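Look at the two complexes coming up: chain A is in both, with chain B in one and chain C in the other.
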Partner chain A sequence: MSSTELNALLPLTAVGAACLVALAGVAVRRNVVFTFVVTILGFAVSGAALFASSGAQSVGGLLVIDPYARFFSAVLLASNAGVALLAFSYFRSYRENREELFILLLLETLGGLVLVSAVHFASFFLGLELLSVSLYSLLAYVRTRKASFEAGVKYFVPAAVASAFLLFGMALLYDAAGTMDLAGVGRSLARAGSLPEGAVAITGLVMVIVAIGFKLALAPFHMWAADVYQGASAPITASLASVSKVAVFALFFRFFSGIDLRASALVGWILTVVAILSMLVGSWLALRQRNVKRMLAYSSTAHLGYLMLPLLSGGRAGAAAAAFYLVAYSAATIALFGVITALSSVDRERDDGAELIGLAWRKPFLSAVFIAGLLSMAGIPLTAGFMGKFYLLTVGVGSSLWALAAALVLSSGISLFYYLKLVAVQFSRQEAEPHGPRTPLAAGFALAVAIVLVVGLGIYPGPLANAIASLAL
Partner chain B sequence: MIPAIVLLAPLLGGVLAWISGRAGRLWVRIWPLALLVLDFAALLAVWIGGNPDAFHEGAYSFYADLIVPWIPQIGVSVHLVLDGLSLVLSLLAVFIGIVVILVSWKRERDHEGFFYFNITLVLSGVLGTFLAVDLFLFFLFWELMLVPTYFLIVGWGGERRAPAGFKFFLFTQLSGLVMLLAILALYFIHGGSSGVYTFDLFGLIGTPMSSRTSFLLMLGFMAAFAVKLPAVPFHSWLPDAYVEAPLEATILLAALLSKSAAYGILRFVLPLFHDAALAFAPVAYVLGVLSVVYGAVLAFAQTDLKRLIAYSSVSHLGFVLVGIFALSPLALQGSVLQMVSHGVATGALFVVAGFMERRLGHRDLSRMGGLFPLVPRLAGAGVALALVALGVPGSGNFIAEVLIVIGTFQASPLFAVLVSSGLVFSVVYALWMIQRAFHGRAAVSGSLRDLSALEAAGALVMILVVFWLGLHPQPVFDATSRFLQTLQGGA
Partner chain C sequence: MSPQFSDYALVVAAVLFALGLFGVLARRNVVYVLISVEVMLNAAGLAFISAGSKLGQPDGQVMFIFILTLAAAEASVGLALVIQFYRAYKTLDTDSARELKD
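Take a look at the complex of A and B:
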């Protein structure tokens, strides 16, 4: 491995090194503040390394550190830095070991970084497993709480099945293409992409889509989402909802940008159906939830369905739209779960809709963050979510994906029901117990950054629009 | 710079009010009021001293024109213009804003800073729709109005405020997204044919497209406008929202938000899709006549005063829809005058209804009656405004509705006859309201406080404005004629 390759890998090695330092720290003497600081430093150094590098550098044919990878790496680092801040506040009264939580968070991030730079089945699988295995443990981290353990198991079983699907799919694709390089697989699909001669390749591709669908909780692979979201601790759910989905989607997009969907109409159809199902089923199920986290689980299914629009349209505009939407989605996700975190403690998860009654009058700051997050998710102007949805509709209309654009509008309409319900509840004049301590500093900082991003990107999207304009693959 | 100042002044007042929310109840009101008065003065100064030909953009001319790039990557800029039409409507908006602040002056409520912030945010949103000529920016303001209105309804509304606020939000948001799809399609059609991707109205006018495409895109725009106007049968959000909203928000909804829809048709639909709009005219006539008749009939059936005024508003706005699509000079001028006059008159009616509710503790017409001897000044104002609603000669509504009927007659005698039936229906419900509320046996025992000098002065000013519009409508015609002339020629 050459020194330029090593340099290019610096963002990944920084996170890995932070992981080792934190582990060594635990071996010497447990100190959660030390572990936390190392975690944040690891993210910061990795982020600085991202900004310092430029151009595209392939590493051993497995990874490529290009602007696309760097952009999504930055999103992952920022999201998980927010999660770390939230987790630090959330677990401050947890009487068992807290250090491993941050180490797992670092590992999860590392998996995500590998995924967004992966250009080969080997690195794809490696990154995905690193991400998933860390998440199993993170979800079940509060082992004294039954729901948390349940969440870990309920994520583990479908994710393991999905991994099996993925491996089988990869094997079939390898058989058809003779290469495990993502671009090479795409090229071979373009040559023999239609039935019946491409049956093996298409079966493999569909199995890979199924596996990714599980990870992204796209309908009809969304069943696990609500229980897992609800059972896990709020900051961990935030990580599951933002980091794991952003990373897997970024890889999904990179993979599909190399596949000409016109060559295999069947796969295009499958993705269209999955997208429309996700939007409508996700919104419909979210409508019926009373628990905020369950609602967000299903609404996340709808959001990932929206993201199929840029996936299907592809190209430079598609990459830009997906990037903007994912940034908006991650910021809003951190904001929403962050407020739940600030209201909750490790002993009691306050994630029921009823906990929000009168929040606007009781805790104006938390309420403002929560409302901004909800409005952004709903795509109301002057929030990042509006610009994101605007980008999605732009590529949808630009590529004449009319059915998907119509489904997006319909699903957005349904989504107003459940997002606005939570906004209205906060303005209720009904007296509720003035519960909860003051928002801890760390969580408050994460929330402040999140609301600045959510509102700031809605008012002044120029810089981000510039940054994503050159994410061509 | 002028359009930006006009747009941001109310918002600045609202922010200052929010900040000074804890400093006492006086400053919370003074900040927005002061900035709105300044805004009004600035607009008047432009009207009197400005040059309506100072800036040109194709066939259009403006007092002021402001372009600042915003998201150049996709061709979005902050493009605001002030021409006669936007000037008149902006004046209406700021005037109504001042009325709203004054009406709520003595009313105590929770979290006043945030309340006034929302009021001014609605005003800025409305002003934004009147000034923006970038379709993206227009859409942004269009949607932006919803959020503070929604907050006003669910934060300070009546018993059933949550479902009412939600219904309002859902209807307007969904129809707005349909408009967004149409805007985007237009953007790509224009970009595809000319290579220039822009959301600027003046760049997009005259985009070549098939008549079928043009008609579909126009329908997308009309979906949003018909819902917010509202035209029957897209009105079902209106009574709930008007009734459950706090008085101040009701006035904003009735006087201003509906006007932004009519304005949108004039500013965007007619120039962009002139031929398609002509083809759509019969449908618009039917919707307009339906609104006129159905609104009037429902108004007659109401016992809730606010609901009655809400339905009468639907009826009056039906005239506007018919007049705009008749596309004759008289009908267009009548429509613009109706927008202004109805804005002031309905605003004033809701103010009076608010005065009555504050004194009686309810607004149930069946429990009113005989108020005239008890509160002569209040009853006098109520009667005068009810007469305006029925189109008494001399009022702005009268001139406007007559102009619309005459103008429509040239285009379609049948619909002119049908729409003029509204003039008869409005007499029925307006007189019925006068009778139920002010005449007959006194339903209230004891004494009621009549209007204070300040309240009476406020009501009088609004009534005088309506009659001034009726007796001397020429300034409004002069201000808007330049723009309206460009509509008839076709783009």
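Take a look at the complex of A and C:
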């Protein structure tokens, strides 16, 4: 490995090194503040290394650190830094070991960084597994709550099955293409064409799509989402909803940008059906939830369905639209789960819709953040979500994906009901509960950054739009 | 073209995979589900080896070693989860876990 390759890998090395330092720290003497500081420093150094580098550098044919990988790495680092701040506040009163939580968060981030820069099946698979196996442990982290084990098992079984599907699909694609390079597989799929000559390749591709569908909780693979979101502690759910989905989607997009979908109409149809189902089923199920986390689980299914528009249209405009939407989605996700984190404690999760009654009068700051997040998810003007949806529709209409664009509008219409219902509830005058504990500083900081992003990108999207305009693949 | 050895291997792998998937869907006991997942992972490994031997490349075997590593990691985390699950619910039946619902 040459020194230029090692330099390009610096963002990944920084997170890995932070992980080792944190582990060594735990071995010598447990100190949660030390582990937390190391975690944040690891994210910061990794982020600085991202900004310091430029151009595209391939590393051993497995990874490529290009502007696309760097942009999504920055999104992942920022999201998980927010999650670390939230988790630090949330786990204050936890009596058991807290240090491993941050080490697992670092490992999860490392898996995400590998995923967004992967250009080979081996790195794709390793990154995804690093992400998933860390998440199994994170979801079941709280040993004092029964529900957390249930969430762990309910994520573990579908995720492990999805891994098996992914591997079998990869093996079939490898058999058909003779290479495990993502670009090479894409080229061979374009040549293999349609059924029946390309049967092995198409079967493989469909199995990979099933696996990715599970990880992104796209309908009809969304059954696990609500239980897992509800059972995990709020900051971990935030990480599951933002980091794991952004990383897997970024890879999905890179993989599909190399495949000419017009060559295999069947796969295009499957993706279109999955997208429309996700949008409508997600919104419909979200409408019926009383628990805020369950509602967000289903609404996230709908949001990932929206993101199928840029995936199917592809190209530079598609990449830019997906990137903007994912930033808006992550910021709003961190804001919403962050507020639930600030309201809850490790002993008691306050995620029922009724907990929000009169929040605007009891806790104006938390309420403002929560409302900004909800409005952004709903796509109301002057929020990041509106700009994101605008981009998606532009791309969809530009490539004549009429059915998908119509489903997006319909699903957004349904989603207004459940988002705005939660906004209205907060202004109810009924004093439900006495004033809770004060919002801790760390969580407050993360929430402040999230609300600035959500509102700032809605009012002034120029800088981000310019930055992502050149995300060539 | 007559069927080659690797085609038969691929069929065996597909059958193994289907058996594993059936096990995951039919069994309610977490330990059996874990075993079935392991069967599915090894079916994928067999498919990789058959593809590698057909193409005359070592990549298939390299991926199999990766899969072994993953299966071990997955099983260790999975079994740890199973133990905690058993302590919490006093059963290994996944259907009995009903804390999470709306």
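To be clear about the criterion, the second predicted complex is superposed on the first by the 472 of 473 C-alpha atoms of A that agree within 3 Å, B and C clash if a C-alpha of one lies under 4 Å from a C-alpha of the other, contacts with A are read in each partner's own complex, and residues count from 1 in each chain.
Simple rule for what comes next: contacts are C-beta pairs under 8 Å (C-beta built on N, C-alpha and C of every residue); 3 or more make two chains touch, one makes a residue touch a chain.
These numbers were taken from a predicted model, which means no experiment stands behind them.
Aligning the shared chain A places chain B and chain C next to each other free of steric conflict. Look at A:390: by the touch rule set out above, it reaches chain B but stays clear of chain C. Using the contact criterion defined above for the overlaid structures, shared-chain residue A:405 touches chain B, although it does not reach chain C. Between chain B and chain C, more residues of chain A are touched by C. When both complexes are overlaid on chain A, the residue A:23 reaches neither chain B nor chain C.
Within the superposed three-chain model, A:375 lies in touch with chain B and out of touch with chain C [touch as defined at top]. Of the two partner chains placed around the shared chain by superposition, chain B is the only one that A:461 touches, whereas chain C remains out of contact.
Of the two partner chains, chain C is the only one touched by A:146; chain B is not.
Computed from Cα centres after superposition, the angle at chain A between chain B and chain C reads 140 degrees (steps of 10). In the superposition on chain A, A:183 makes contact with neither chain B nor chain C.
Of the two partner chains placed by the overlay, neither chain B nor chain C lies in contact with A:41. When the two complexes are overlaid on their common chain A, residue A:174 makes contact with chain C while staying clear of chain B.
No C-alpha atom of chain B lies closer than 23 Å to one of chain C in the superposed arrangement. No residue of chain A is contacted both by chain B in one complex and by chain C in the other. Contacts from chain A toward chain B in the complex involve residues 360-361, 375, 380-382, 386, 390, 393-394, 397-398, 405, 409, 412-413, 416-417, 420-421, 423-424, 427, 429, 461-462, 465-466, 469.
Contact residues on chain A toward chain C in their complex (touch as defined above): 121-122, 125-126, 129, 133, 136-137, 140, 143, 146-147, 149-154, 156-157, 160-161, 163-165, 167-168, 170-172, 174-175, 178, 180, 200, 226-227, 230-231, 288-291, 294. By the touch criterion given at the top, residues 70-74, 110-111, 136, 139-141, 143-144, 146-147, 150-151, 154-155, 162, 165-166, 169-170, 173-174, 177-178, 180-181, 184-185, 187-188 of chain B touch chain A in their complex. Contacts from chain C toward chain A in the complex involve residues 6, 10, 13, 17, 20-21, 24, 30, 33-34, 37, 40-41, 43-45, 47-48, 50-52, 54-55, 57, 59-60, 62-63, 66-67, 70, 73-74, 77-78, 80-82, 84-85, 88-89, 94, 97, 99-102.
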